[in-house]
Amino acid sequence: MTDLGPTYAGAGVNVGVGDAATSTADVTDSASRFEVAAYRLSQWLRSPRPYLMLLGFALFFAFWYLTVEVWKLPRFVQMPGPTAVITEWLSPDPTYGLSIYSPEYYQHIWVSLRRVSVAFLLATATGVPLGLFLGWSQLFKDYVFPVFELLRPIPPLAWVPLAIIMFEGSETPIIFLTFLASFYATTLNTMLGAESIDVSFVRAAYCLGAKRRQVFWHVVVPGAMPFIFTGLQISVGVAWFSLVAAEMVSGQYGLGYLINTSYTMVQYPTMFIAMITLGVVGYVTSAGVRIIGNYMMQWRARELAIGGEN
Amino acid sequence: MSPQPAPGYDRSITTPVEPASLMTETSRKGEIRIEDVVKVYGSEAAGIRAVDKCTFDVPAGKITVVVGPSGCGKTTLLNAIAGFHSITSGTIYLDDELLCGTARPRADPGPDRIVVFQNGALFPWKTIIENVAFGPIVQGRMTRKQALDKARTMLAEAGLRNLESNYPGEISSGMRRRVEIARALMNDPKVLLLDEPYRALDSLTKSVMHEALLETFDKNQVTIFFITHDLEEAIFLGHRVVIMTTRPCRPKKVLTIDIPHPRDYSVLTAKRFREYLDETVEAVHEEALKAFAAGERER
Amino acid sequence: MAVVQRAAPTRAARKFEGGSHRLAAPSLHRSGDTASDGRRAQGFGMLAGLVCLLACAQPALSEEVKDYGKPGSPVELVVGYQPYYTESWSGLIMRNKKFYEKYLPQGSKIDFQVGLQGAIIVNGMLAGKVDIGYVGDMPGIVSTSHADVRDIRIVSVLGLGYDQCNIFLVRNDAPQFQSPDEAIKWLDGKSVAVPKGSCTDRFAEAVFKRFKIAPSEYLNQSIEVITSGFRAKKLDAAVLWEPTASRLVLEKLARRVASGASVNENDGGFMVMPKALIEQRPDIVNGWLEAELDAQLFFADEKNAMAVSAMALEQTTGFTQKALWYSAYGSYPKSEGGTTNRIVLPYTFSPEAKDLIAKAGKFLFEIKSIKADIRPEAVMPALTEEILRKRDLKAPVGEVKALPDAAYTGS
Amino acid sequence: MMEPDGYAWWALQAVSSIKFWRGALAIMAFIMLWELASRAGLSRIPTPSAVAVTFNELMRDPSYWFSWYLSTQRVFTGFIAAMLLGIPLGLGMAVSRTFYGTVFPVFEVLRPIPPLAWVPASIIFWPTQELSIAFVTFLGAFYAVVINVIGGAQAIDMRYYQAARSMGSSSWDIFRRIILPGTLPSIIVGATVGIGIAWAVVVAAEMISGGGSAGSMGGAKGGGLGFFIWNSYVGGSYTQIVVGMISIGIAGYISSALLRKLGELVTPWLREQ
């Protein structure tokens, strides 16, 4: 049976690249960031992880290649094989007019990215302050939160038809739907963040003579920061979820639209290209938010690097 | 992580060091008078009576330690003084200025009474020096630069010089307690309210913390209101020890410890210490049994 | 997608939602990776590599072909048809009159499934879920271009028309146009919706190319979304096919301003079948095509106008019988691209049909909708020509003429 | 005196608390605002009163309840499949390093692809429309379940292992007695989050495959609450859209609440925390 030996030393949460199994206690400033990264990289390479990762991907592609192109299993034969998708993706003159060389491909990505970022920023600009106030003032929460909870169970995607009716043009409904999904995630997480702040921090601030407004800025906002960034990461992921659906139903340009159109135009390789691109762009955006989060919260990053005290 | 002993700290010298820089304030008294304080959580009938007709004095410039079984209402009392909780009836005075009473059930928290919390409350998102300089900056008493400079001197005195730019998460819990006390003293408080600050520490660190606290007290002569359930700690530190009954708490026995300050570790084995111990252990034990019987979950 | 953040906010259970951020290195594993760990991973890798090689060597199964049974035996077929596409109403009539029962072996079961547009039926056929398809010109041609997935052939022409699958509709408050050409030019810079992959898509892109028109938005929307778009006054224009066009006009949601007739571009509907069916069961294919001929003859007979529109009413939702009747038999003024004979029913590949397929095929390849020009073997006229000769009829077998409004006797 | 944690006592407590009245007031105000705004023609959304009337009519319409049944069936097939596959996979990844090393990277790469991007591919792949929609709901819930299970298994305190190991228990004992119960709370959290996502996904999947341009065969049929909303939109009856939206909100809420209740039953030791 597999090894169950748990390790105790430094088994805390790792941050950043690779697996920070550094049990060295004194990761102080003197060891420059570069040396630490280099050390972690060498540690990572010696461990079996990269090879397992390659193995995992190899198995996945082998499965895809075999079932579709070699064995041609009944249900799989309609799917485009990896070779078809990759050749279409990389070919300078793609059969269906879309590959990394065609400008239209980047236009789709750009439009989707723009929609997600507009919706995401709107959701952050409205969700974070609202969440903080909900967490901070009980009176505000008693009035606003029930209405918020009333609307939240309705999935943002159920709003698609209403959004089409409510808003002019074809762009604003999509932005609204993407915004709605992110808004719920951001507000809720920020509120939970503000509420989860240990009451002794607030009391300590009052003791030290801070007034209510100062306590809000010096304690509640920074204290809720980790939760806010959790929320932002979820909200980016969720934004992509609803963007795709909104684009599929009605819209022009955008990866969701591309998937949908290549389906009706029976261009399956292009459809898969769009799906994979969506996955990659989605991953990059949420990784971006995570990196900004880690950068903004130096104190958390360094605290966790040493296994985090209680 | 063993705490490095603070450099230059040597108990052998007996003459107290005159803390010139800290005594600039007018001689603050910091005496607390608690009279017939009652505190009931929840409605009068069904609520939990935490404090019942509690009356005792906390002399100015002295260390008063309140000892009692866990969950007996000591923290409620401290919170009332600090202004976090209201009281149902009775009055609390600080240097004959009314903190709270029936007219004003909840006192306003302020820099004259600063609390050091059980699990520590240094702001993890501010560096050590920003933490210490927080009070004066927020009250607007000093500019940022002045506050940082004074904070730097405070930290140097407490032997925490090279930790200024670290975050609280990166230093040991013992060191964090000392930074927290430095943060409190930055505001020249009349009273330091310590809520079982060394509870989570191992006994070795605890003894180092005791000596550091005594040393700080020698320099500042600030009134200290110290809560603990550890009897030895109470007698070792306190000028006056108040033993509390189980919930609802009332002072059961008040003891003045006349071992001279500044005290050091040798006191623990002194005969006088043992006598105090014998005298009090029986009283405290009795209350502990009652609390245990009530199955009180330590709040 | 309101991701619920914290069901029961217990501090102990660390909760992760859809987007977990820093996933801890699993502390269950030995954090220091000893050599034995590495060796086991490599061994595992070797084993997996071996399995892959073994699998690749395995001979490829023959291209997945559906088995339709021996000739003469009863068969179960799925027919994808479009009651919302007047040009292919012969399918609608087939479903109602069941002409095929005369020609197919006893006990054959035919399941008619509705497709909102040709492309959906083609997707069904490529996925092996649909056997016979009644589709427009673009989906028909596109279906023949995926022989690697399933070899599909065009076997019959359902109908050709100059104002069937190529009707320009504009919002009611659009300016009054003197001529269809002026209307088409007005589309420049407007938001135009079209169901991508349909015959109107091909037609619209061809017209836009010819008139050098660039709409501000060229939206891919289904006929339903377009209908609601006009109802919610969100669309400037759309290019649609009958009967939806007539419905929008009669419900005063949009105005008809031009059609294929105004620019001399026709379109057509085709019947498509997989090669496997044609080769395995010539009896079934011939039987079905005989029945198709009967259906087209029935469709061409003016007497049946009300009956056909009644059938359409029964098999569609959201349409009035009047709109359905108008879509096939209504006469629209010339200024709106109206024509006298609404649908020509060639049944086999008349010269116009062949030339439409060639022209459309070249255009689709040009705009990269299909991988290569149409395979010559994709069109199989022999079957229908044989049947026509046997019945000594000549293509076109009939025409659906525009009737005076009075001819509509319904409510 | 009612025994303290009885249901009646809880209800009385809720009603008498000021929070309840503030909340009720806020909701009333919201509905009034909505009524006035719609009536004044500010927004094209139908007025609550009209929606209530339609809701009343629909209550008696069997096809409305049939779409409830269809959607619920699709959500639960996808959801149960996600649990059956997700939990073992999550536990496997948490327990064995090799499995984690191999499977997790692929899992992480596929996860950002939104489930709804799979709708067209799923329509092509799966033979029936039911299966293709259920597959998409499965994907929606699957990721949440696996992530939570891994998180839960890792959060188990080291000392439990050492204690079990020192008592000489085998790896199987540790798995059954420590990891499984230890991960149970996060399985419940994963399930609750998963069912929420499943409901959101089923709505869109039904809309897209039922009516949107990426429609699947069988055009008009399709069914389910998502399709019901889509059909009302296409049919132009806007009040039914709002009714459909509210129904899905209720359905999602009920299933999450049920799961939470189940969770409390299964993890009694967490209750008094």
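Should a chain be cited, it is by its letter among A, B, C and D, assigned in written order, with residues numbered from 1 in that chain.
By definition in this document, a residue touches a chain if its C-beta (ideal position, glycine included) is under 8 Å from a C-beta of that chain, and two chains touch if they have at least 3 such contacts.
Predicted model, so just to flag it, every value in this text is computed and none were measured.
The interface holding more C-beta pairs in contact, when A-B is weighed against A-C, is A-C. Computed centre separation for the pair subunit A/subunit B is 46 angstrom, with centres defined by C-alpha atoms. Distance between subunit B and subunit C, defined via averaged C-alpha coordinates, is recorded as 81 Å.
Rounded to a whole number, the gap between the C-alpha centres of subunit C and subunit D is 35 angstrom. Multi-chain contact residues of subunit D (touching two or more other chains) are listed as 44, 95, 97-98, 101-102, 123-125, 127, 158, 161, 200-201, 212-213, 233, 256. Looking at subunit A, one finds that residues 3-4, 6, 11, 48-49, 52, 55, 59, 78, 153-157, 161, 164-165, 237, 241-242, 249, 260-261, 263-264, 286 touch two or more other chains. The complete set of chain-chain contacts reads A-B, A-C, A-D, C-D.
Contact residues on subunit A toward subunit D in their complex (touch as defined above): 1-4, 6, 8, 11, 48-49, 52-53, 55-57, 59-60, 75-76, 78-79, 139, 142-147, 150-151, 153-162, 164-166, 237, 240-245, 248-249, 255-256, 259-261, 263-264, 268, 271-272, 274-276, 278-280, 282-283, 286.
By the touch criterion stated above, subunit A contacts subunit B in their complex at residues 25, 198, 200-201, 203-211, 214, 218-219, 222-223, 225, 297-300, 302-303, 306, 308-310. The touching residues of subunit B, when paired with subunit A in their complex, are 1, 82-84, 109-111, 113-115, 117-119, 121, 123-126, 134-135, 138-139, 167-170, 173, 183-184, 187, 200. Residues of subunit C that touch subunit A in their complex: 1-6, 9, 17-19, 21-22, 24-25, 27-33, 37-38, 40-42, 44-45, 48-49, 52, 55-56, 58, 60-61, 63-64, 117, 119-120, 122-123, 126-128, 139, 142-143, 146, 149-150, 191, 195-197, 217-221, 225, 228-229, 232, 234, 367-369, 371.
On the subunit C side of its complex with subunit D, the touching residues are 1-4, 6-8, 10-18, 20, 23-24, 26-30, 37, 40-41, 44, 80, 84, 113-117, 120-121, 123-124, 126-127, 129-130, 195-196, 220-222, 224-225, 227-228, 231-232, 317-318.
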